[in-house]
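Structure, as structure tokens:
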Amino acid sequence: MTFDTTLIISQLFNGLVWGIVLGLLAMGLTIIFGMMGVINFAHGALYLVGAYSAYTSIMACTQWMGAATGSFWIALVAAPIAVGLIGMVVEFFLLRRMYEREIIYQFLLTFGLTLVIQELVTIIWGGMPRSFPTPDLLQGVVDLGFMLYPKYRLFVLILTPLIMLAVWLLLVKTRYGAIIRAGTEDRDMVNLLGINVRRVFTVVFSIGAAMAGLAGVLAGPIIGSIQPDLGNSVLLASFVVVVVGGLGSFTGAIAGAILVGLVKAVTSMLWAEASNAIVFALMAVVLVFMPQGLLGKR
Amino acid sequence: MALLKTTKLLKYFGSLACVYYVDLEFEEGRIYSIIGPNGAGKTSLLNLISGHLAPSSGEITFRDRKIDGLESSQVSQLGIGRSFQLNNLFPALSVFENVRLAVQSRHPGRYNFFSNIGAYREVNEKADAIVDKIGLSPSSAKQAQYLSHGDKRLLEIGIALATDPALLLMDEPTSGMAPEETVMMLGFIRKLALEHTIIFIEHKMNIVMSISDQVIVMNQGRVIATGTPAAVQADPEVRRAYLGGID
Amino acid sequence: MKSVLRFLKDPFVVIAMVSIVFPFVFPFTDLATEMLIFGLLAVAFNLMLGYTGLLSFGHAALFGTGAYTMGILLVRFQVNIFLGMLASAGMAAAIALLIGWISIRRHGIYFAMLTLAFNEVFYFTLTQFRDLTGGEDGLRGIYRPDLVAGPASLSVQEPMRFYFFVLFIFLLSLLAMRRITGSPMGSVFKAIRENENRAESVGYKCRYYKIVAFVFSGFFAGLAGALFCIYIKYVSLSFCHWSLSGEVIIMALLGGIGSLYGPLIGAALVTLMQDILAGMWERWLLLLGIIFIIFVMFFQGGVWSGIEALSSRLFRKPEKKEIPA
Amino acid sequence: MLQVEAIHSYYGESYVVQGISMVLKEGEILTLLGRNGAGKTTTLRSIVGLKPPRRGKIVFMGREITRMKPFEVARLGIAMVPEERRIFSSLTVEENLKIGIQKGRVGRWTLESVQKLFPILRERRHHRGNQLSGGEQQILAIARALMGNPKFLILDEPSEGLAPLIIKLIAETIKSLSTEGMTILLVEQNVEMTLQIAHRHYVLDQGKIIYSDTNEGLKNNREIRDRYLSV
């Protein structure tokens, strides 16, 4: 009996960890949508790039410095920066020309981008799965008193909310954050106040992209092995999260992520194959009965 | 019997009442104008009548039939036509197609999905007649988005007319028009009044005073006066709330 | 002479003529057949995006429904081919009705998300009925039946014959969709695309019309699925995967969503690229993605509007867009 | 200070500004009058770079700004208070003001001095933009423009839809800003108000300037007022 409860609790914890990683992705999506009105279909691809660039950075560090000490921590910083830069390039050369167009076209542009990025990843890293190492420091398990739980997952469970909090504070408490929020409402007016809105948008998109990249790094050791179709399922899941939580709402994204993570954990205990479909069914139900999502505005 | 009647009509947006206990009666065959400063609740009142908004409480009856809570398509089918303050057209369709769509909405053929649209003679003829009536025959084949502003305003009304409304709601039909166009529009509204009951929102006082039978003055969601143009102009509360600072 | 010329200016006639001659010029008959089938799917899809303004991410489910229905009817009941196709299209229309009835309540991107969600749920449902669908292994044992109508029968095993059979169905469907878009109801679809609120204000219950558009679209998408099933003699879960929905969107946009025929060109191009490039380079999707991005950004009208502009120059039609005063 | 030389601007396909020229001197209050659709707002949008003219030239303090982006124009010291105020409704009053700050442009106006000028902005500093009345929004919009310490202030119909008392307050503010040396370009429908504060007027009709005169001149010209400006 005790064995069963431990199993259930650890499954719920897994759901929570997964949910919080999704939450990070969803928050990136939300920032991009909330600030720029763009539904970023390429978010999953950016997550993919995050995971792969972290992988490469870990391998490279290991090669140079011998032992794998610290290499994960370098990747944890380097990969989001790399992905953020990619986001910057994408915004600057592609998305920027699309703001005047209907939202569907921005959606389609990022959809095409997904194809391109995913293929590029396959070309660069090959189609075979690659195993993603867990950092030495976080190997093994911790005794939580009521159960043993992998150190790394616990680490993710603690670190991710801190990052979310930091981003949230940046957006809500600083003048730059106020500018970003103002930019979502009325670009022309912000421009008229002497602020280069285009640059603000570039920054916003690259922050959102970097968050997707970070989620990719953090997820690496959890999934253990990475392959080029990694982005797809995660993309769909994070869409579900933002829709369930309420498009454009931060708290909604986090609440939605945790809900989806837990639902997924519970269903994978009861009926594993159905867990994906049930998550989507959840989204459909929310959309039909609460079109603004759980915590959406308007 | 009043054609249209509102009883204790109330609409809240959040905690703000944009229409506050409005009781009005509209008789058939007259021209009513609604005036008031920005944010007085004029457009909201029109939206409540036309089914674009649902009231928070209160009742609207049209020919003794309760119409509050109906969808805008149902309200339209009952015989209330609506034109909008900002042009609300089918931009990539031609003038003729814009009007024909509205005519067709009253025709049983609208459910037909397998015959050529050109085969409905009476629909096409009526659409032509209305395009002619609003004076846009020369640009009948032009896409609505390429019309001049004044012509767009006319088409806006043409679409509303094409549904054969007994009651025509017009939101600032002359907004943004040049002086000569405004004069033409006035003549047009007078002509329409022979066949339709009209309620319209207007900012230009000389227009309001010259063509309305009844003027309704709103301020902060309330109706503060109703009556003939002369009576309303003389009303001290109206002068204070609305006319005061401007003239 | 003049009437002949006008006849030739009708895009439908041109398409019919080109596709009749095509297999004699183009050496890959099977590929040509595939182009027709996906062309039908893309045009069906565009009844929604191009004509009604609804972006569906669920057309893979409708295509798959058509294919599975056809496959199952063949394997289990050895059904008549025409009956089977009708049943497949009908089944897809029914699924479209179900998905549409719920999804249509939301607009824009929410609508797209809902159709995507239903596509996923549908996909999963198929994996669960393994006895019926063959699950992950796909449905096997499908054969291409002869065309049987009363006492007459005709074999379509030979590629060229099959091509013309598909072409027959294809042209029939195209004509039907042309009637639909040119009908009074078709004009309401366009009105919804242009300005749904105003359409509602003049008295159309738009929800109803949107569902009807979805059902029509589903019917022809299902038909395309059924044709694909007897073409490839196999049905797999990948037919229902949402990435196929994505591919259809790409086809439609590349060809141009502004006309009935544009998506045909897009479908033909994508199918061709898929076959030729995929043979040369495994990662051809990269090129497809880049081309797609370029079209989304710079060629809103797609290939078709380019062709139209060219042909109007050839026939010296007066400029379509009037110059405003 | 500002020279507009024969600018032509289009709105979509319609030819809205048909060769407008004007000159503004430092410290002066100039108005653009005319009916709806006369091209006033488009002229303003052309000046601040939101709608660059197709032809013509705009020079501000000796620098050509014709093709500059709006934020670059703003950084030179031109502030615009647009029609409908365009307050950021989800931001607080204080955040709205802070966004108006421009680094490198310091001067008389700071959060404190603006709040001193309009005490209501201090009282309501934690309210969101959408919780303000029309008059409060107009005040906030003006204050937000001042936060960037501009040399030249453009106001598009500041009195529109406001109560007489607020209109008076705004008119007085405009006047006192001008006595402190601010150059002001005002677009108005409310002719009475502009006659009380402006130095010179231009009257626009169908995209062209059809009349220009001093304040006294317009006051005495009944014909122009009746023909183009009567409410």
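Chains: A, B, C and D, in written order; residue numbering restarts at 1 for each.
Keep in mind that, in the parts below, contacts are C-beta pairs under 8 Å (C-beta built on N, C-alpha and C of every residue); 3 or more make two chains touch, one makes a residue touch a chain.
As the structure is a prediction and not an experimental result, all values here were calculated from the model.
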Winner on C-beta contact pairs when B-D is weighed against A-C: A-C
Distance-maximising chain from chain C - centres being C-alpha averages: D
Centre distance in Å when chain B and chain D are each reduced to the mean of their C-alpha atoms: 33
Whole-Å gap separating chain A and chain C, where each centre is the average of the chain's CA atoms: 34
CA centroid of chain C to CA centroid of chain D, Å: 54
Centroid spacing, where centroids are CA-atom means, of chain A and chain D in whole angstrom: 44
Interface hub residues of chain D, defined as touching at least two other chains: 13-14
Residues within chain A bordering two or more other chains: none
Touching two or more other chains - residue numbers and ranges from chain B: 146, 148
Touching residues (chain side chain B, partner chain C) in the complex: 50, 52, 71-74, 76-77, 82, 84, 88-93, 97, 100-102, 104-107, 109-117, 120, 123, 141-143, 146-148, 159-160, 162-163
Footprint of chain A on chain C - complex, ascending: 55, 102, 105-106, 108-110, 112-114, 116-118, 120-121, 123-125, 127-128, 242-243, 246, 249-250, 253, 283, 285-286, 288-290, 292-293, 296-297, 300
Chain A residues within the chain D interface of the complex: 175, 178-179, 181-182, 185-186, 188-197
Residues of chain C that touch chain B when the two form their complex: 176, 179-180, 182-188, 190-191, 194-195, 197-206, 212, 216, 321-322, 324-325
Chain A residues touching chain C - in the complex, by the definition given at the top: 39, 94, 97-98, 103-105, 107-109, 111-116, 118-120, 122-123, 232, 236, 239-240, 243, 247, 273-274, 276-277, 280-281, 283-284, 287-288, 291
